[in-house]
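Structures follow.
Each of the next two complexes has subunit A plus one more chain, namely subunit B in the first and subunit C in the second.
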Partner chain A sequence: MAGATVATNRREARRPRRIPARAPCLAVLLGGCSGMQSMLDPAGIAATRIADLFWVMLIGAAVIWCLVISLAVYASRLKKTPVSERTALRLIIGAGVVFPTVVLTALLVYGLRLMPELRTSDGDLTIAVTGEQFWWRVEYRLPDGRVVPSANELRMPAGATVEVVLGTADVIHSFWIPALAGKTDMIPGRTTRQMLKPERPGIYRGACAEFCGSSHSLMAMTAVVMEPEAFAAWIEREAADAVPSGNARGREVFMASGCSACHTVRGTEAAGRIGPDLTHLGGRESLGAGILPNQPDAIARFVAETDRIKPGARMPAFPMLPEDDLAALAAWLGGLE
Partner chain B sequence: MTNPSDMPDDPRDRARMDAEADRLRKAWETPRGWRYWSAVNNTEIGVWYTVTAFVFFLFAGVLALLVRTQLAVPDNDFVSAGLYNQLFTLHGTMMMFLFAVPIFEAVAILILPQMLGARDLPFPRLSAFGYWCFLIGGVFVGGSIFFNAAPDGGWFMYPPLTTDPELSGIGADIWMLGLSFIEVASIAAAVELIVGVLKCRPPGMRINLMPLYCWYMLIVAGMILFAFPPLIAGDILFEMERLLDWPFFDPARGGDPILWQHLFWIFGHPEVYIVFLPAIALLAMIVPTFAQRPIVGYGWIVLAAVGTGFLSFGLWAHHMFTTGLPAISLGFFSAASEAVAIPTGVQIFVFIATLLAGRVIFSVPMLYATGALAIFVFGGLTGVMVAIAPFDWQVHDSHFVVAHLHYTLIGGMFFPLIAGLYYFYPFVRGYMLSARLGKWAFWLMFSGFNIAFLPMHFTGLRGMPRRVFTYPDNLGWDWLNLVSTIGAYIMAAGVLVLCFDIFRPKKAHERAGRNPWNAGTLEWVAGDPEEPGASAPCRRSPAAIRCGTRRTSSGTSTRAATSCPMPRRASARRW
Partner chain C sequence: MLFRRETANLWTLITPPTVWAMHFMVAYVLAAVVCAKTGNTADLDSVRWIIAGATAVALGLIAAAAVQAHRHWGFGDDMPPHNEPTDEDRQHFLGFATLLICGVSAIGVIFVALPALFIADCR
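The block that comes next holds the complex of A and B.
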């Protein structure tokens, strides 16, 4: 059982999520850090380390800023008598040379020492993600050699080390799930890697971070961190063929309208490779690469007005479909769980 | 013009000299009528250059307001995705290439010769050539948006998005060709400024005595000479790929898109300092004047400026931390990016030390200088943050970086420039700008800027990528964006007040006297405004150029270059 292998490979004891003691008061100050796409609300080890680094740097920066500006205001507005040139020169050397050298060296050592942990190379699970204008092709490469295709959604077990292998089909994209880790670019002609170590189960949002064309803003994804058992069950379902839903008319429309030329629905004759795999579309959290709720009326709208919902997307719009057919198609696609 | 004591006694000789003087005046006269546009004097070219760059600034500012208006609320449809992409690309391109770099070439052309006690820069026609290149290129690039043909790939134009004929239109060619004119103009100005600083100094002003502004210009011009050629080379490869289908950046045929990123950023990062150092140079003139003493640590600030210029060529890859570089490269470029903060810090503390050691008159230029410091130090500190590779992996290409870069550029370039505008306006136009309007403009721009860009850090930390034309309403970005948009409009109101102050007709009582700020550099005492060029004080012997003595009466300054001999001697004694 591939899923079980993944589950047993995970670390025995998940590390408790570290929240710095000073975070809460600052969090209140900043109006809360909530948000499924926030790096200040980390759910993975890399994001947690980087959030810690940020809080440390923020406090240091705030102190330094206050000191420098107070000194400048004192020097230009408040002081009564000028200081001697000797003192002034000492200030230049002390505050301009010695202090930053010491502080920056310390910061550099702290910051760079994080890198090995954030860039380890051995994963429990490998997921290949390919950026395309403007969606994500996803392939789960299971330890037993099976490859499970999917799209626009990343599911992973909590506590596992997930290696995401990144590539692109067209232009440069950048893979970024702020709650889990930093970003890595997807560059034509290269393969890059991003390690994810999700810890806290939940639903997060990722986005393309490198400008990739007119619908760059509309290239998002959902990342679902699951309990390992739930993930093991889910990946088995995902690997299986589509469960035929009762709506035969929807299927007929799908095949007759040429959708199958670009989309795959495993278990049917639709085996197109150009667009996203739709085998388990109904089971996904969102639609259209993270931009619409996964509901039949949204599916119908996406099919009928693709060019308006996603300018520049390669999929043509199907406004010519009669409303009944559209509804049937949406119901059928939404039923593919 | 001619010193009476040099006048020969023979009336024939006198007549000959008068005739020569008339011919000389005629040669330097500003052409009249339509021939006015053939002028080459720095007093004309400098003003045209400055005004043109400022107009491009206003244009690019309007583009920014349109961008902010689109982002004010989630799921907005104020502009289309395609137009939005043109707006932000053109905003970045124009601000960097048509405003930030040219405005400093413009200011240098305007004030450098007189600061050196010279009539003009060594190659006035080259200045004029540079200006016309700049105007043509700028209008070409900026005007493209009216034809819906503006570049739309972001101001750093990453291939393959910008080289693929299906994904990019004529806009990419306009960017390449239009900016080639600007690059030529920049290199022309760099050559001019280097030769000007090295060859046109008055007798006795050795290089270690010259005003700091000249040092900065020398360094920046040197940087331009080394930074722009990689961009020009990149542009040529880029255009050959677009035009002739030579696949320099196409991996399928042996090219590499990363090559462009290296070529662009090895220009692009020094560019940041090419913009920043001339602004610091203005502060280096303003701070000693209002601290009423020569700068403290002349040697330190010159070394720091040279160090900044040098280091700025070794940290371009911090723009590429997310491209999957090996750890050793990340470590090196992180360290180099942190290291550049040290000479920058030295320059800031030289100013603070000068203020501490002086008796400060707080004026409008000083107000802008203080605002610049507050904003720039903030931007510098977030710069220290993003220089750490792991943190950059999170915030790279997010709104945090948008906020960071605006803090460094507005604090490190725009506010010092406006400080310089209030400071040098009387030198150029002979009138003072209004202190009251200046303060209004300052507080509007300062508060507007912070209201716009401080929340943007948090928008970025909450995961908002840059260059998005729309965003959903459930991610906690909406009110932050609305606040940013309101701030942008407040800042724009400040810019309007500033424009009004610059262009309004001035009243007689606002006429500036000679050297209104009681500054110590030569440009304030240079000759009769009707006769541009050398004046008596510039031809004095080195012994006469002494600092520390106050000016006694109009036109007889004995304190020549504020930042020249005194601190050097003082430090030589003490070290």
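The block that comes next holds the complex of A and C.
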């Protein structure tokens, strides 16, 4: 009796320590279910369908797994006498042939029925995205025929149907914004398409989902879903030329250092097409294709240490720039909103 | 000939999967060629009807192979395993194996044809 009490006390004494140990694990696991880059927290119709499919398959797989394990335990531990040959044959045909065929047919039909809905045409807005090592060239093709160049950020109005026309300038990339839709490969020599129907305004994160080189994991993007009125105002600002921030020294450094050979800043003489368009760099949510916060010190770091921040990128680093010039350049670029 | 044979052999055994492979080729090559030539929003109605016809033909051939295999198996009078070194057991083994392959091939043909039922264009 005394021994039992001691044992119970020990168990109780141990219990409080166990719960806090499990809590962080659970928090980490559940933390993956939400957030700006989670397919389990969908913000668009395609992603919602994919998340539904995921839950159906997960729950179905869990149920089948439990059935199979229960049957195995029953057969190996509980059932002492062998079943008749007739029962065994029925089990093999029923559970081994008919059941998987029916389940696979149901899943195939379910999956096939989703596809036409996810691939409608006639978008309200067309955005062309070209994958390049290791960034995204973006062009808004507006209904009135205007083309607005941008980079590394996708903005779209909530509730609209957006056709994303995908291409690549070099190797195979894959366009994936998990919260909005599935992934679509960008294949050299081919044009692929993805339809986005964002529903919930917010800031989401996309990533290249096909290994494309040494900085593949540093090729991300920001997708901003805006209220339609806010988007209409934003696209007008984005289509306009850059508004100089008055930091004349920064502009001088930009032009004198050769940045304009690769980058465009509309409204200035910089018209390079090799690198990302920087016309409204300061207005973007992130820097360097979704890897740095958009702040002047991060811009300065990116310019001075490109090869360390983004190994394999075509842009050379500019560590030779004097600190004052670098700060002026970063301030000027950050001011281009 | 592969059909109306008195005895089973390896050719009768591989007939059903060959029908499945041919059906697969017709469905995929036809859809790929039409989509490549006419573009993304091309209507696939005629292709879908051809695939429906090819599916009916393929399932008919597989059914004929299954009837024949059932006969070669001895109409199910003799249950497996057919592992005796006799001509009769060899026939029954080939017949039974062909019958199972007919089942898999029929499922394969239906799975290959299902996309044509739901997807109406090349997108």
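Simple rule for what comes next: the second predicted complex is superposed on the first by the 305 of 337 C-alpha atoms of A that agree within 3 Å, B and C clash if a C-alpha of one lies under 4 Å from a C-alpha of the other, contacts with A are read in each partner's own complex, and residues count from 1 in each chain.
Everything that follows uses one rule, which is that a contact is a pair of C-beta atoms (placed from the backbone, for glycine too) under 8 Å apart; a residue touches a chain by one contact, two chains touch by 3 or more.
Keep in mind that what you see is a predicted model, and the values were worked out from it rather than measured.
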- Query: Touching A:L287, do we find subunit B (first), subunit C (second), both, or neither?
  - Reply: neither
The chain contacting more residues of subunit A, comparing subunit B with subunit C, is B
TODO: Name the contact category of A:S121: first (subunit B only), second (subunit C only), both, or neither.
DONE: second
- [ ] Based on the superposed arrangement, let me know which partner A:L278 touches: subunit B (first), subunit C (second), both, or neither?
- [x] neither
Original post:
Which partner does A:V109 contact after superposing on A: first (subunit B), second (subunit C), both, neither?
Top reply: second
Contacts for A:A209 in the overlay, against subunit B (first) and subunit C (second): which applies, first, second, both or neither? first
Ask   = Once the shared chain is lined up, is A:A304 touching subunit B (first), subunit C (second), both, or neither of them?
value = neither
Between subunit B and subunit C, whom does A:L53 touch in the aligned arrangement: first, second, both, or neither? first
Notebook entry, point to check: Just subunit B (first), just subunit C (second), both, or neither: which does A:R193 touch?
Noted result: both
Subunit A positions within both the subunit B interface and the subunit C interface are 97, 101, 104, 108, 112, 115-116, 119, 193
The subunit C residues in contact with subunit A across the complex are 40-41, 103, 107, 110-111, 114-115, 117-120, 123
As the complex stands, subunit B meets subunit A at residues 80-82, 85, 153-154, 158, 160-161, 164, 167, 250-252, 256-258, 293, 296-297, 300, 304, 322-324, 327, 330-331, 334-335, 338-339, 341-342, 345-350, 352-360, 362, 366, 370, 373-374, 377-378, 381-382, 384-385, 388-398, 458, 461-472, 475-477, 567, 570-571, 574
In the complex, subunit A touches subunit C at residues 97, 101, 104-105, 108-109, 112-113, 115-116, 119, 121, 193
Counting only contacts in the complex, subunit A reaches subunit B at residues 30-40, 46-47, 49-50, 53-54, 57-58, 61, 64-65, 68-69, 71-73, 75-77, 79, 82-89, 91-93, 95-97, 99-101, 104, 107-108, 111-112, 114-116, 118-119, 170-172, 174, 176, 178-179, 181-185, 187-190, 192-193, 205, 207-218, 291, 311-312
